[in-house]
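Notes for the one structure printed next.
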Amino acid sequence: MAHQWGMAIDLDRCNGCEACVVACHAENNISTVGEEQAALSRAKHWIRVERYYEGEFPDVRVKFTPVLCQQCDAAPCEPVCPTFASYHTSEGLNGQVYNRCIGTRYCANACPYVVRYFNFYNPIWEKPLQLQLNPDVSVREEGVMEKCTFCVQRIKAREIQAAAEKRELRDGEIQPACVQSCPTRAMVFGDLGDPESEVSRLARSSRATKLLGELGTRPKVNYLPRDSWHDSENA
Amino acid sequence: MERRDFLKISAVAGATAALEGCGNPDHQLIRFVPEEDLIPGIATWKPSICTLCPAGCGLLVRVMAGEAEVVRNGQLGLLKMGLAKKLEGNPAHPINQGKLCPRGQAGLQVTYHPDRIKGPLVRTGRRGSGQFREVGWDEATKQLVQKLSELKASKQEGGLAFVTAPLRGQRKTIIDTFVASFKGLTSIEFAFFDDSVIRAANAASFGHALPPTVDIGTSNYVISFGADFLGTWNSPVAQSLGFGHMRKGRPGQRGKFVQFEQRISQTGASADEWIPVEPGAEGMLALSLAHVIIAENKQLATAAGHAGSLIEGWSLGLPDYAPEKVAAQVGVKPETIARIAREAAAQDPAVALIGDAAVAHTNGLFNALAVNALSALLGSVGKPGGILFASGSSAKPPAASLQSWASEVSSGATAVDVLLLYNANPVFAAPAEWGVQRALEKVPFIASFGSFIDETSALADLILPDHSPLESWLEDTPVSGSAKTVVSVAPPAMNPLHNTRAMADVLLDAAHQLGGDFAKTLPWKTYEEAIQASFAALYKEKGSKTAKDADEFWKKAQEQGGWWSTEPSQVAAVISAGTAVKNSAPQFSGDSSQYPYHFLPFASQLLYDGSLAHLPWMQEVPDPLSTAMWGTWVEINPRTAEKLMIQQGDLVEVVSPNGKLRAPALVSPGIAPDVIAMPVGQGHQNFTRYATGRGANPISILAPANVEGTGSLAWAATRVKLSRVGRGKLILFGGSLSESSPELKHR
Amino acid sequence: MTAKTPEQITNDLLRPLSGISARYVFWAALLAGIAVAALCAFLYQVYSGLGVSGLRSPVFWGFYITNFVFWIGLSHAGTLISAILRLANATWRRPVTRCAEVITVFALSIGATFPIIHLGRPWLAFFLFPYPSERGLWPNIRSPLLWDFFAINTYLISSVTFLLLPMVPDFALVRDRAAGWKKKIYSALALGWTGTPKQWHRLETAMHIMAIAVIPVAVSVHSIVSWDFAMAPVPMWHSTIFAPYFVAGAIFSGIAALILAMALLRKLLHLEEYLLPIHFENLGKLLLVMSLLWFYFVFAERLTTWYGNEPSEMAVFWVTQHGSYAPLFWAMVSCNFLIPFPLLAIKKLRTITGTAIASFTVVIGMWLERFLIIVPSLSHKYLPYRWGTYRPTWVEITITAGTFCTMVLLYMIFSKIVPVISVWELKAGRHEEPHALRLARQPDQVEAD
Amino acid sequence: MPAQETAGSLEGHNSDIFTPAHPTISDAIREFFDLRTKPVQPIAYTHKVHLANGMQCTDCHVGVDQGPDARIPSVNFCMTCHQVIATDKPEIKKLAAYRARGEDVPWQRVYGFQPSAHVRFNHAPHIRNGVDCSVCHGDMRQQTVAQRKVDHTMGFCVSCHQQKNASIDCVTCHF
């Protein structure tokens, strides 16, 4: 069967360092919008680390949750797009076809995770910063919606390579930029269609939960919540 | 039917005027003959080294063909060349094992920064006016050599000063040799967040003048006193890898992590238990924990060995540190202290570490020694899951302190004719009280090797821009992060974009032009040669299983990004008998009645010490806790804010005995009511288009207090008062602070 | 009030068509000016990007979609009302119908432009149009936006026909009196109408069919508009009540707009003898009913949400109830209920002025309602970390103002081209109408003219 | 060549910023209607002659069978042969002149997708699956200076993908 790409994020490992965010910027040609636009809440971070405080001093706790496109199986963003710019790919990704996007921003409204980012202006790189741009990824223009693609360019490259070498893809062979960079190895990427894969194993684990799972969007990102320490555990 | 046919039908006629030059060579830049033979669209991965912080992580650079606008012999044109496209961790490297922190990944933007200095500059306007003239390397080097030879002729003591960031390896050797030949002091190493207190403490306690390599991964109980070890402290990537392993790397076994500090750091945010402690009381707290462990016979006092013997009253079981006795001063409940002590004692291995603000109080050294003693008592020193020491090269702590040098020069006690600057920005990163700027103004000739105009290099008379790290030969000998001996090396990942030269090459060139005994002391023609020589020596010393001779050893090292031992290195501790120290209470400048709040600067997860404030990525990526972008903030406890009638985003004025600054307020539950925290990094007066004039610099208002027994700055020893002065500009990426919306509270 | 002969009626009603006063020119110029400014604002937005609007994450829809819903809602004035009144054979409707139907056509055409104005790349709007291409790509029929596309077009076509049909005899009337180039134009418009019984019969039948056909279309249009929201899992959007809620609101605002228009026409075109207090009285009653109905819907929606106590919905609930959007919310309630209710319920107050004032507040209130449906929900979605806010910029405000001016301008121009009151219908029904009854003694005239 | 670099060259070197925005409105309109100016090659290179002399496409367009893009040879590469071959021909003299000036030959793009098409085309898999160069580039043996013989519309790609039942999922090419 076709691959079903998915991810597992262990929040007990995540320390909110933002490495994934920068990795994503570097890999996916995400432009910086600058102070003025950032103040208008137009900054684009395909992956963001949500931070929530709980309790009051001195009994304060902080919770980090990296939130990226959940690549839902029942994605609210897909049916609402009038031009099929947002659609379900054969490998279960929520595709975003930039050239087909006319900028209704309906998908962004429908997305409960608010992980879709809109190009309110044409992006700008002050030369020679543009030399860093990744030639494997489009540079999106004004009026186009964009979002996490699970680094589809890396997926495609590996698939093409595997085909050339006449072999199957190995589990863990494909690593989106965020997964690759994560200093605590909190993120795991793989094929949910393959029950043997690491990501499937984690998705099956008793700890696995989905973000806003109650909405029935059937996300393909599994979160393993922060554990607590029990003396007994190691005694 | 074709899309554009459809359009032509509905098209406005005649709207398509011909565009000049499209598809016609006459209207385009000339193209230079490529120097490299590249296949477009195919990436190659080259090893490199991250130089943005002292951790020294190994990099893999993704290089692809691209077209760059370059100037070659005075003409602008396009050149097809290999361009770095992405930085990732080098999986083979023992320190970061393929992983990389956000700062490291932004290194790309250093190379491609629009405001990089594109060639040698000579000052034309008055000093600091920022008016420079571009010159060729020959002229620039000539000027440098001339100044130096004049100095040599004058035979005057210490006429040459060289201020650098902490360096390691051959660059340090070259600089020190160079400076020494001028009968000067050794180079002056300066960084705001330096590790000299910890080095001093470790030298005393364990006989290793090195920062610790904390093996968190296999530890079962980690107590951190103020160290932001998952964010910026010591070797964050290595420590993060360990943290992940401790938490979930060992099925059925999950270590506990306790953090003591005044403000929830990014590290504290990940702790199983976060416990606020009074500023500067960390040492006392550590000893109180030790007291419980000894008193309850979980461990014998003698188990702490030499490290314990350095603490007064240790052998007696630290009678003065009973939890109930110190609780008030420490600000932690006695029962909590006792519980943590019992938990830690019950876990093996358990480790305690200290860093950042905890050692930046006047009693920082005592705090460090106390925590070292606790680690020793927990029996985790030199064992897996505990504190290890890598065989760092530069074990000797830096000789001269910038502070004393600056005061001598500005007072005229020392006359300096030539000052060389490399990777250090003391005008920004040292307290105004040190008078670095005044000192620099007294120096007749300043040359900077920096790649950017910053507050310090703006004062230079001559600028000899270094390559960016990716364009340059690199070597490093990390002193922490791996128990193995690590010697990293990397050839340039790409050709230089601009007319730049490696600092070491320029220095060697100058040395040869100066002649004299340099021929002997600095025998190498280039930096590359120097590194190769060091590897030849390394091969002689260590040998190799895989390489048959020094050349192959050298080649292999370049391919994999360095050489590292297969086994943890065993370095003999050099223990020197020390006298027992007694608890010393932290001193704070500014009396508590007039300045009611402790001022706590902290390293920014993204801007580090401000040296990365010029990278747009680092400016726009939200800070992990505040989610602030493109600016700075003053962190205030809600109760304090209420008392002072300060609202989120209000502009507040922070006043210390040594100065004042203004920044927007961020009301956060994660900070003690009597503490005001502020990230270091913003507030540059002159540091590229992205950082200049943005926010305020907390360093500027710090008191020049020192950590007792060391030369380094006690940057957490300042008190402040604050007041609301108006509306500020606070740009946050995050909306609500908490998951349960404030609106819901109405119910 | 003196009795009117059919001749006088014709004269009175055709008077506005001849001659343009200086005051008229002044106002027309002013309105046109603002409309042009709005057009420039839009071109500026196309040129520099949607960033010039106040839209941002997570509030991706703001003023533009508010206006879209508002105008489509307003368009329910005419067609629906006049259709219902026709079918119900409410004879007092005769002077009212045309003013109403005109509102429909204009409001609809204005509303329909907003989905294009709000696009990130308006020049690609043709992607919505199902045309065969070598790429074999079609629009997504699952998207409510596409339903809009078709529904609105259907509604527009049908209401234009519905408006034009009964105009034919009046065009003939004007044709017969006009001369020169005017005569040419009007004879073209009159489609060779001579007023033979056959033609009369055809017209009546056609009108009847259209009246029946247009009602379901109108209802479907605003239901679909409501589904633009209800189909998305956004707190307070994803609700079954939305379709009827929107339709009711649409008719509500429609009637208000109609009363307002009539009040103005009455004054400006001196139609005091034709648009009588009785008309405002009756429409006022209708408005009262709708106001109550609207309040009922809002109450039902709020109450169920509050009892449901679903956290994400409660966030939106509270932010509108007494959060940052509370002032707007309570302004809306006053405009749509607290103010109009007494004005319309108390007989003494249900005067022309009274109903006009009530209508005015309702128009404002209904605009606010659309805004409060869209923005608070978007700014408070499920993840509090991404909660945000929204402030419109001058671009959005200018374009909004521009469309209101365009509406009035179009109406003014229309009143100069076609009699705003259907002459033949009025005559046809004159013997049923109070002032016409008094003419009954005179010999009956055949509509020869 | 990757889309954004095409966009960059559209933006032109006179600007110190890089953006996918079009420098002029007319550029925008031209791209919208996919109107291309016929490229003017600096040297009248003839594919016909080279191929007739038994050379293969991949001799010069190295890497086309390994990755996304085909290399356009540099002046040095040409001169490896033309040091000695046909040195008297005027066009070869031009070539030598470029080399002498230390310049590369500014060959102009003939094919290539509009940046706004967001197509990530990769040569290698097509060649591996036995798609002959001529399918998309016409018979170069008949061409002197390269001409845009085949119009690379989406219909052209899709129809071929359908015949060879290769994936026609949008994300196969657009990302």
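A, B, C and D are the chain letters, set down in written order, and residue numbers restart from 1 in every chain.
By our rule, a residue touches a chain if its C-beta (ideal position, glycine included) is under 8 Å from a C-beta of that chain, and two chains touch if they have at least 3 such contacts.
Only a predicted model underlies this, so the values are computations on that prediction, with no experimental measurement involved.
A.B. asks: If we define chain centres by averaging CA atoms, which chain lands farthest from chain D? Would you check?
C.D. replies: With centres defined by C-alpha atoms, farthest from chain D sits C.
A.B. asks: Which chain's mean C-alpha position is nearest the mean C-alpha position of the whole protein set?
C.D. replies: A
A.B. asks: Could you tell me between which two chains the number of C-beta pairs in contact is largest?
C.D. replies: Chains joined by the most C-beta contact pairs: A-B.
A.B. asks: Cα centroid separation between chain A and chain D, in whole Å?
C.D. replies: One centre to the other, that is 34 Å.
A.B. asks: Taking the mean of the CA coordinates per chain, how far is chain C from chain D in Å?
C.D. replies: The separation of the two C-alpha centroids amounts to 56 Å.
A.B. asks: Just give me the whole-number Å value for how far the CA centre of chain B lies from that of chain D.
C.D. replies: Using C-alpha averages as centres, the distance is 46 Å.
A.B. asks: Centroid of chain A to centroid of chain C, CA atoms only: how many Å?
C.D. replies: Taking the average C-alpha coordinate of chain A and of chain C, the gap between them is 44 Å.
A.B. asks: Which residues belonging to chain B are in contact with no fewer than two other chains?
C.D. replies: Those would be 2, 7, 41, 66, 69, 114, 734, 738-739.
A.B. asks: What are the residue numbers in chain A that touch two or more other chains?
C.D. replies: Correct list: 41, 48, 50-52, 84, 100, 122, 126-127, 129-130, 133, 135, 142.
A.B. asks: Where does chain C touch two or more other chains at once, residue-wise?
C.D. replies: Counting only residues that touch two or more other chains, chain C contributes 133-135, 384-386, 388.
A.B. asks: Looking at which chains touch which, would you call it a line, ring, star, complete or other?
C.D. replies: Topology of the interface graph: complete, with all chain pairs in contact.
A.B. asks: Sort out for me which residues of chain B touch chain A in the complex.
C.D. replies: The contact residues of chain B facing chain A are 41, 64, 66, 68-69, 83-89, 96, 98-102, 105-106, 108-109, 112-114, 220, 230-231, 236-237, 240-241, 243-245, 247-249, 252-256, 264, 266-270, 272, 274-276, 343, 346-347, 497, 605-606, 616-617, 619-622, 624-625, 627, 629-631, 637-639, 668-673, 689, 694, 729, 731, 733-734, 737-739.
A.B. asks: How about chain A: which of its residues touch chain C in the complex?
C.D. replies: It is residues 37, 40-42, 48, 50-52, 67, 76, 79-84, 100-106, 108-110, 112-114, 117-122, 142-145, 212, 215, 217 of chain A that touch chain C.
A.B. asks: Within their complex, state which residues of chain C touch chain A.
C.D. replies: Touch residues, chain C against chain A: 48-51, 54-58, 60-61, 115, 118-122, 124-125, 127-128, 137, 139-140, 142-146, 149, 228, 231-234, 378, 381-386, 388.
A.B. asks: Residues of chain D touching chain C in their complex?
C.D. replies: Residues in contact with chain C: 32, 153-155, 158.
A.B. asks: For the complex, give me every residue of chain B touching chain D.
C.D. replies: Chain B residues touching chain D: 2, 4, 7-8, 11, 15-19, 22-25, 28-34, 38-42, 66-67, 69, 72, 76-78, 80, 114.
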